[in-house]
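Look for subunit A in each of the two complexes below; its partner is subunit B in the first and subunit C in the second.
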Partner chain A sequence: MTAVARPPATGKSLSIENVVKRFGDFTALGGVSLEVPSGEFLTLLGPSGCGKTTLLRIIAGLEVPTEGRVVLLGQDLTPLPANRRPVNTVFQSYALFPHLTVRENIAFGLKSRRMDKQEVERRVRYGLEILQLEKFAERLPHQLSGGQRQRVALARALVNEPQVLLLDEPMSALDAKLRAEVQVQLRRLQQQLGLTFILVTHDQDEAMAVSDRIALMRMGHLEQVGTPDEVYERPRTRYAAEFLGAANLIKGQRHPMGFEAPFGKLALNRTPPWDEGYVAIRPERVRLSEVEPRQNGLRVRVREAVYRGAYQEVWLEPCDLRVRTAPHPTLQAGQELWAELPVDSLVVLDE
Partner chain B sequence: MRLNPLIGITAIATLAFLYLPMLAVAVLSFNKTRYGLTWSGFTWDWYGRLFSNPEILEAARNTFLLAALSTLVATVLGTLFAIALERYPWPRKSQGFLENILYLPVVTPDIIFAVALVVAFGAFRMVSSLFEPGLFTMILGHVTFQIAFVALTVRSRLKSLGHDLDEAARDLYASYGYYVRRVLLPLLMPGIVAGAMLAFTLSLDDFVISFFTAGPTSQTLPLLIYASVRRGVTPEIHALSTLIFLLTVLLVLASERLTRR
Partner chain C sequence: MVWFGELTTPAQLYRRGLWFLLPAVVWILGLLVIPGLSLVALSFAERGQYGEVVWNFTLENYARLLGFGLFGWSPDTVLILLRSLWVAFVTTLICVLLAYPLAFFIASRPPRTRYLWLALVIIPFWTNLVIRTYAWQMLLAPDFPFAKLAQTLGLLAPDAGLYPSPLAVYIGMITAFLPFVVMPLFSSVERLDWSLVEAAQDLYASRVRTFFQAVWPQTLPGLTVGVILTFIPAMGMFVVPDLLGGAKYLLVGNLIQQQFYASRDWPYGAAVSLGLMVMTLVGLALYRRRGKDVDLV
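Up next is the complex of A and B:
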């Protein structure tokens, strides 16, 4: 296979420096700074309206920041219009040119730069090959399925050898099964090419599946940036804990030896920075047993147990905990048992 | 619910009401007698005479020249106007104003426009003899009412395209010119052609504006028909009317097909 991608440059590739974007009175981005190393798969994750797409569009040059800079490999991109930036975008709607065939769509970014004919042909062939589109080369976009269109959009962006590939919710139009498949392919493609990918999504599963790092956004700010397991296992805030997966949030007071919840005292491995606040624990981290655990054990009663096939979901009283465990056929509502909240699994939230 | 057969009958009666007069004209254009409404045999004669009558040929030439030139100008201006209206970042208020003003020529009675043109050309004549009544003033007159129709058709096409493709083209290194040539115009083409056909038809059939702006040497077919009818309706006029009607129908059908795509 002919390789188009260059080896990743070392060190930092893209830096977003204190970017602010206001639309009239509305502040879409309130000073975002972020470093993205070359070859990283970064995901901007957040609900709609959190500013993730605006940030992506600012990197693409489709939106002008009110303040701040976008610097790529030492070069300030901010004054450059979209058509002069070495970045390409896969749009949410794919935005394929409906009057051009798959081949012509893929060649568009090469021809618009008046690239040499043979080089255009070589790269188009490469794009068709890497995304398995050879069979569809002469078709028009409306003759393709959603998944095929998405591959054309990817190929059309990738053949330009962008320094950074921007993906704006590219999977939102695909059905769940295909989406899972495409996520794996996308991750593989990124690693194979060694390119920097920035993906925008509101789907936390997708973010976890593909990313090197996740930048969780909230109301125009970065809430937490880290690897998927950092953000999942060590959320810093209630928002982060609740946005990624399910979490039990326990409100209580700081106590000399740990934490005092309404249902009892819990030991923590870190002293909370507040007098009153929250600790979090993931449902799959709570352990259920017949015997009293050595630490952080609670006597609980099963309020409801729902069989979900691969796992079982259990709600406990009186502490109102949600637990996810391996299927446990004997577990029934009303049953009394012990729940352990392991110290290492209790996360102290900053806010 | 059973549909009342009266509804169907009403529809057919309405169609008959609309098209019977035209059908009568078409039938009479094949009638052998010159005068009267009695049928006395089939003939192509009147069509033959049509094409050997220098006055009619001259009028036909004028009509098509006028329609072609005015359509050309109106199509270019109307398309540019539609693009500017739809794509230029107008403040919300001026956009609404421009939209309304675009519709105005469509609903204003022709006669008002015609009178306004007469006044305007009269004033311009003091500056240049170009504005003497004739083909040039007729072209200007026709362009004024054609632009709105072209702009409206092109604009509805533009609206359906959205902004995605324009951003995708920019993202893919296209200059504005490259985008217009390779993306915007090819995609707008059905709308532009449909608009042009509509404009052509309107020019072909126009009487009022032509009547007020024509000069002695720029007689068009509708003007000729009007003048002839005052002298008495002849089968030649029937033949001519039938031809113009057929041409109009063809153009409208073609334009319909293009906009539907």
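Up next is the complex of A and C:
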């Protein structure tokens, strides 16, 4: 069966306007604003307690914001309870009804809306098919594996054809191998349906793998929002640089030529906005060579070299840099060589 | 005898465990099975002239239970049996209806005060049932506010009391059994998986649909315990109807008590007891049958 045709992304779909959520003295969200175009796969990424799940629950209507609005296609959703919002959620625990079969679980939302019998049947069949659950239609949730349950939860939400699908860490209960598989499937499904997906996760690899954009959160605020490569390659803050992947953070002062680190001067392609602060470089961006590079070269000694098969991890001194290179089996501790920190790979962090 | 280690495998535990069953087996055999069987035997015997048991086989006791007496058929005993069934049913139903909001109220209190509220439900239950029932006699007496209020509203003749009456019996029964429903229900509600409620709301369910699909099935185990703990003793209850119902409002419990005491007609008492037992079992079987459709587990 072909997917239901959807109009292509037409700019703004969901907007979150200055949402604040306080629980007593604790501020879970301190004024979050975000625009999500329709058809986008957005990931709310952050450690536990950063407010990402609270934000998702506010969009779902399971939590009422203290301040701010949630607007979907021009309609203010804020006063609507969860059961009147055109959004659906895949819960972390899946929250399948234990006394209902897979088929009945998938039909639940349709029956709540008193859809006519044939339409319910048609959509349930579609849901079973698109998530390959036909064989399990008459089983109860406790007779399914974790991955199957997750697919039922997805089908149960998708058959309602929601404007926005919310996913609350749906893969945290799956083992690593299955998770990687499901990430690919989820991304494909989203592309195929052209729906807006908002995923909550604390797993940066997952966020990178599936998202159009990542909204990195920290302590109730958006730290940085951008495409995975923007957030990875151009982190704005120390927090962003360290949360996504590994980063070398170099502390130093601004200098007329660029930047002065304890171990030497470095040229930058942007003048830092501070007098003293950090620049970051990803381990795989540092180049090692026998000859002195033209710019930003450092004379370094290998402190440790660990062969990892696919790549090699090298720690350098005295600048304390971590480097990831193609494997050089001859590289050894104590060896002296040149490290180049390419201008384009050095990121000036704002804070 | 050294048992260390031997008891750690299920098979060993099972075999050794059989010996530990012995006291319970003796207890049940001695105090339940044998008296039960003698009750069956007794129900087929005759009453002697002075209230002694005469071992002549007869079905007369059962005929009387169904209403056939010396003067032809009368509906009295059948009425008592049906009334008992009805009173037990209504008591259980009202207890369940009262217990749901109460269990949710208690379970939603902060942990500090939660057990205080639960204690308030349980404390009356520590008082002897007879004393509590006498207390109702006083509370429902003609010159007490409840009766006064009913008198002013014209529901009750001036100077009349609210007891003895069927209403008094219901009040007494419901207060007696409410804790039995609230406690198991509370333990179910306390462990409720609220994510199912959220899922139902997320899937457009109304409040009613949310309750019946996401809450009710989860509370069924507690509800079942509560219903059984209420319905069975309510069927045989005699203290409350005896003290609050008056002479005309007999329940089967009173009938049995009368036969063993005042009338000294043990064989007939035995037959009524067995009748009660059968009715209770049928009631429970019906509940279980209905329960199967909604999956008790």
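Criterion: the second predicted complex is superposed on the first by the 344 of 351 C-alpha atoms of A that agree within 3 Å, B and C clash if a C-alpha of one lies under 4 Å from a C-alpha of the other, contacts with A are read in each partner's own complex, and residues count from 1 in each chain.
As a convention for this text, a residue touches a chain if its C-beta (ideal position, glycine included) is under 8 Å from a C-beta of that chain, and two chains touch if they have at least 3 such contacts.
All of these numbers come straight from a predicted model, not from anything done at the bench.
With the two structures aligned on subunit A, subunit B clashes with subunit C.
In the superposition on chain A, contact of A:Arg156 is made with both subunit B and subunit C.
Legend: residue contacts after superposition of the two complexes on their common chain; A:Leu62 is shown touching both subunit B and subunit C.
In the superposition on chain A, contact is made by A:Arg113 with both subunit B and subunit C. Shared interface residues of subunit A, touching subunit B in one complex and subunit C in the other, are 60-62, 81-84, 88-89, 91, 93, 95-99, 108-109, 112-113, 156-157, 160.
Residues 60-62, 81-84, 88-89, 91, 93, 95-99, 108-109, 112-113, 156-157, 160 of subunit A are the ones that touch subunit B when the two sit in their complex. Across the complex, subunit B meets subunit A through its residues 164-165, 167-175, 178, 182-183, 186-187. Subunit A meets subunit C in the complex at residues 60-62, 81-84, 87-89, 91-93, 95-100, 108-109, 112-113, 156-157, 160.
Chain contact summary for the complex, subunit C toward subunit A: residues 193, 195-196, 198-206, 209-210, 213-214, 217, 294-295.
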